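Below you'll find the structures, each written out as structure tokens.
Same chain, two partners: chain A is paired with chain B first, then with chain C.
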Partner chain A sequence: MASVTLETRENRRAWGFVTPALLWTVAFFVIPFLVMAAISLATRKGRDIVMTFNLDNYITFFEKAHLLKGLFVSLEITFTVTIISVILAYPLAWIIAERVPQKWQRMALIMAILPFWTSYVVRSYSWLLVLAKNGVINNALLHIGLIAEPLELASTRTATVIGFVHFFVMLLTLTIYANLVQMPPNYRRAAADLGANGFQVFWHVILPLTLPGIMVGAFLTFVLCIGDYITPQILGGNNELALPQVIMLQLGRRADFPMAATLSIILMVVVTLAYIACARWLKMERT
Partner chain B sequence: MISPRFSKIASWVYLAALYGFIFLPVAVLVLFSFQDGRLPVPPFNGVTLKWYGEVFADSRLMSALGNSLMVAIGSSLVACVLGFCAAYGLARYILPASRLQRGLLVAPMTVSYLIIALGLLSTFNWLGVSLSLWTVGIGHVVINLPLCFAIIYASMGDHQKNIERAARDLGAAEWQVMTQISAPMLMPSILAAFFLSVTFSWDEFIIAFLLSRFDVTLPVEIWSMLRSGLNPKTNAVGSVVFLVSVALLLILELIVFRRTAKK
Partner chain C sequence: MFRHVATGKTRNKLLGGAATFLLGAIAVANSAQATEELNALVWCDHTDPALIEPFEKKYDVKVNLKEYEGTGAGLSIIEQSRPGDWDVFVIDGVDVHRAVEMDLLAEIPADALPTSDIFPEVVMAENNVVDGKIYAVTEKFGYNTISFDKTKVDPKDMEDMSVIWSDKYAGRIAVYDYYLPVIGLVGLGLGIDTADLGADDMDAIKEKLFAMKKVSKQVGEVVSSQTALATGEVDILVGGGEWITAVLSEDKPDLDWVIPKQGGLRWAQSIGVMKESAKPDLALKFVQYILSPEGQARLATSSCYWGMPANAKAGDNLTAAQKAALRWDDQPGYLKNSQLYPIPDADLDAQMQDAWVEMLQQ
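Here is the complex of A and B:
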């Protein structure tokens, strides 16, 4: 009997440790999410929110072109960014892992992260300095006479993509590098001994082994990119709106809280679908 | 067949090009924060510290800076304490549905900040809670708690467990074990979690933007400065933020890694 009471006392103590964090998460994460989900089923009437519990907002989303377009713009930007970032980051990670002397590798990685320690808002603003009509790039190109008129770089999708790629090249370089250095060198030697040339070793041995790392990094890129408001707002401007910009527009100018909640739920569904696809792919790869 | 010499040169060129790309915006930002003129774009007219002077004389910016530090440190402390206790409870005791509990604690990590912010905003509106730095702090604990929990939980091994058991056998009470044995042993990871939280909170925009009203944090204040377009003063603020963050990174590197190296 004594052991039972001890166990219950121990158990109660353990709950004492865990409960505050669980309560916090439930109170400020789970419940707010449920409230938001409920509001997405409501309707805006003037300045008030009327709980109607219907799917009108979701139907409106698929009917109104400007709302639906936000999702497609976001998806297009996100896919473009993910692909370009992987293509640029892979060789960089490979060079750092293979060509840079071992004792400098840590330094090389720290240097790659360093510029990202400015604030997020400031980083997008810095790209504006580079891409603006009178910015660094246009100035340089005009100066060497490559162009006669300044290029329209800021407030375009290109600017948004550049801003994103800048951040995600760094992120993906880290995840791919981690994957590359974990790989035992014997695999490569074995393939070479069996007569594979450099390209074949890469294509049939190294690339498949680092694919999980690429997928994890690409998924991170996808999630962070599709939910971001700052980069498209500062660099892309208002010419075409990504989904988070549409959400903020509903909140601000239109004061349509239920629609903003609906769009957020849709955003979350898209991210969850991407997660499921990624997780399933990783599982398939492993078995 | 590509000659090894050519591939070597190509690698270094690629490395230099990408590092150039990575550093370009920050270099431009810092360079033109010294611009002696009204526009932070070429041509560079000469060096002045005028804009830094304006930044430090700007009371709104300075109070936003103070608010940011307060929210960052406060919310990180709360997130670390909650995260440490939860990690201790889950790593040292057998609790029912512990997988589910761990899943719940890290769940906010997988959701966009925008959605967390909107959820909290809906709830605060519904309850009639007025927005302030407190509500921003609550939001920042939500995003940092999973991080602190995961980092500290991952570093709790069996090695520490044996030492804790020895202390308990020698008559230490549970709170003594926790504060005098476990916490000091886990200090490197607790500090790593704390500083990482501080930098995340310090840099966070969307939650701070949606959940604050009159007192704002630095990213939100910088955001409102952007409405005036390109301005060397914004460059100067950005450079200051950059320096502060790099200093934080250095502290983290020195304290945390030197400690682990010593062991």
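Here is the complex of A and C:
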């Protein structure tokens, strides 16, 4: 009986700790989400919003190619950015964790994440200047005679991807580095003792053990990249629209809150599916 | 012990000094604090301190400015605000009726406005007056047409609207990201007056919009369009005009603009008092200040963008160089060869916006 009372008391205490966070989540996530879901079922008639509660906006999204394309553009950019960022971040994290002396590792990490300290918008505009027709890259290439005419880099998808990769390589470097430094060196020694060469040690021991770090970083990259408005807006030159840009057009130009809510819900569904896939994979890895 | 006493004295001195400083700071803050506040929802040209500060000083008021771009965005802000939050509203001239329909604007007494000083062509009662009542007044106007770098393109080519979808300058064209004026310009290029533009014309317009997108390098808002033209990233800006080039006239004298033979679009921004304003008198004073010759000259040469003042008397407050950049003396011809923005109904507006997004996704 005494143990039950103790358990109850412990439960109450636990609820006491959890309740503020729960209330916060309900107030600032669950309720706004439900409101947004309800608005997505309304319809814009002329210049009025009518609470019709139908799926017209969702049907319109799949019927109108220019809206649907927003999702595909977002997915293509996001997958490209995630893959390139992982490929670039892994060696960087490896070098910092394995090759840089321990006393310099902190400094190396700070250097790696230094660009985080500048404003996101400023960083995007800076890339625009770097990639412009008369920017640093084109001027350098023209100067050394590698190209005769300036390359079209700014206001392209390439520019958007470069801007994103610059940011997300830092993020992925941190998550992969955290994984690498936690790995006991004995695993590698044991594999080497059993006759594995350097590549085999990496492929069969290190890479599988660092996959959770890669997956977590890749998921964060996916979520932040697919929902980002600023980078494609500044660097993409409006030459194609990612889904967040299409959402902003509905709000800024048309005041079409129902369609904006619909597109936001679709974006959330995509992110949720990515999360489920990532979580399932991590769970499978553990079992 | 001595040290303690000394430290105590020092502490007392420090505390006393801090208290004096604090009281002084409060007194200064109080004296600097305006007695009233006015909230204005405006376009970026109104955020220039050179325009706002004289009004603030004269009426001992703090003007809180919220900048927006595009009527949809402005109306969204109002929809998300409480009644009475906003006192003054600057709005695209063609959208005044929309704001009146939404019961947002208060009537302005005719005798409170310098209507006789305003260029007759931009009084635009069809925009600002509903059922005989004045709800807004034109404060600034200009043209959406073609801006270009005259050292990099043949200025003669710019006199024909078809240049915006021809291959001659492919990859060297930027498009201003505002569907109404650009669709209007494309319509003019096809020989359709903005007043006659209807749903039946949309297929032809879409075809030319897509052709224009194919040869353009970017579609951007004000800052990125201006930057692209100024930095040489592009040589032509569709939808530009004096509002893009005049502000750069000193630093970039090679930038120019022209109204093609098919005509250009005339933009006009209006200012009105919000119906739910708790300070309608002060709001009206602000409108009157903006329409005064001094206010008009400052607004015309705002650091965000330049444009022609609606009040003809503003010319007395502008320098010769400023007037030259605004093409003050050419206005009669420009006014004659320009048309107002299309004023689509809700359905046509939706079609135009769909066409615009389709173009962006090409």
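The criterion applied here is as follows: the second predicted complex is superposed on the first by the 259 of 287 C-alpha atoms of A that agree within 3 Å, B and C clash if a C-alpha of one lies under 4 Å from a C-alpha of the other, contacts with A are read in each partner's own complex, and residues count from 1 in each chain.
Just so it is clear, contacts are C-beta pairs under 8 Å (C-beta built on N, C-alpha and C of every residue); 3 or more make two chains touch, one makes a residue touch a chain.
The structure presented is a predicted model; accordingly, all values stated were derived computationally and were not measured.
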item	value
Contacts of A:R254 with chain B and chain C, given as first, second, both or neither	second
Touching partner for A:P232 - first (chain B), second (chain C), both, neither	neither
Touching partner for A:V246 - first (chain B), second (chain C), both, neither	second
A:I95 touches, of chain B and chain C: first, second, both or neither?	first
Partner chain in contact with A:G213 - chain B first, chain C second, else both or neither	neither
Contacts of A:F33 with chain B and chain C, given as first, second, both or neither	first
Touched partner set for A:S155, first chain B, second chain C, both or neither	second
Dominant contact partner of chain A by residue count, chain C or chain B	B
Touching partner for A:K64 - first (chain B), second (chain C), both, neither	second
Set of chain A residues, in rising order, touched by both chain B and chain C	132, 134, 234, 251, 257
In the complex with chain A, residue positions of chain B that touch it	1-2, 8, 11-12, 14-15, 18-19, 21-26, 28-29, 32, 39-43, 82-83, 85-86, 88-90, 92-95, 101, 104-105, 107-108, 110-116, 118-120, 122-123, 125-126, 138-139, 141-142, 145, 149, 174, 199, 202-203, 205-206, 210, 218-219, 222-223, 226, 230, 234-235, 237-238, 241-242, 245-246, 248-249
Chain C contact footprint on chain A (complex, rising order)	46-47, 64-67, 69-70, 73, 132-134, 152, 154-155, 234, 237-241, 246, 249, 251-255, 257
Residue numbers on chain A that touch chain B, as the complex places them	10-11, 13-18, 20-22, 24-26, 28-33, 35-36, 39, 88, 91-92, 95-96, 99-100, 111-112, 114-115, 117-123, 125-130, 132, 134-136, 139-140, 166, 169-170, 197-198, 223, 226-227, 229-230, 234, 244, 247, 251, 257, 260-261, 264, 267-268, 271, 275
Of chain C, residues touching chain A in the complex	69-70, 72-73, 75-76, 79, 98, 101, 171, 177, 179, 217-220, 224, 228, 231-233, 346-347, 350, 353-354, 357-358, 360-361
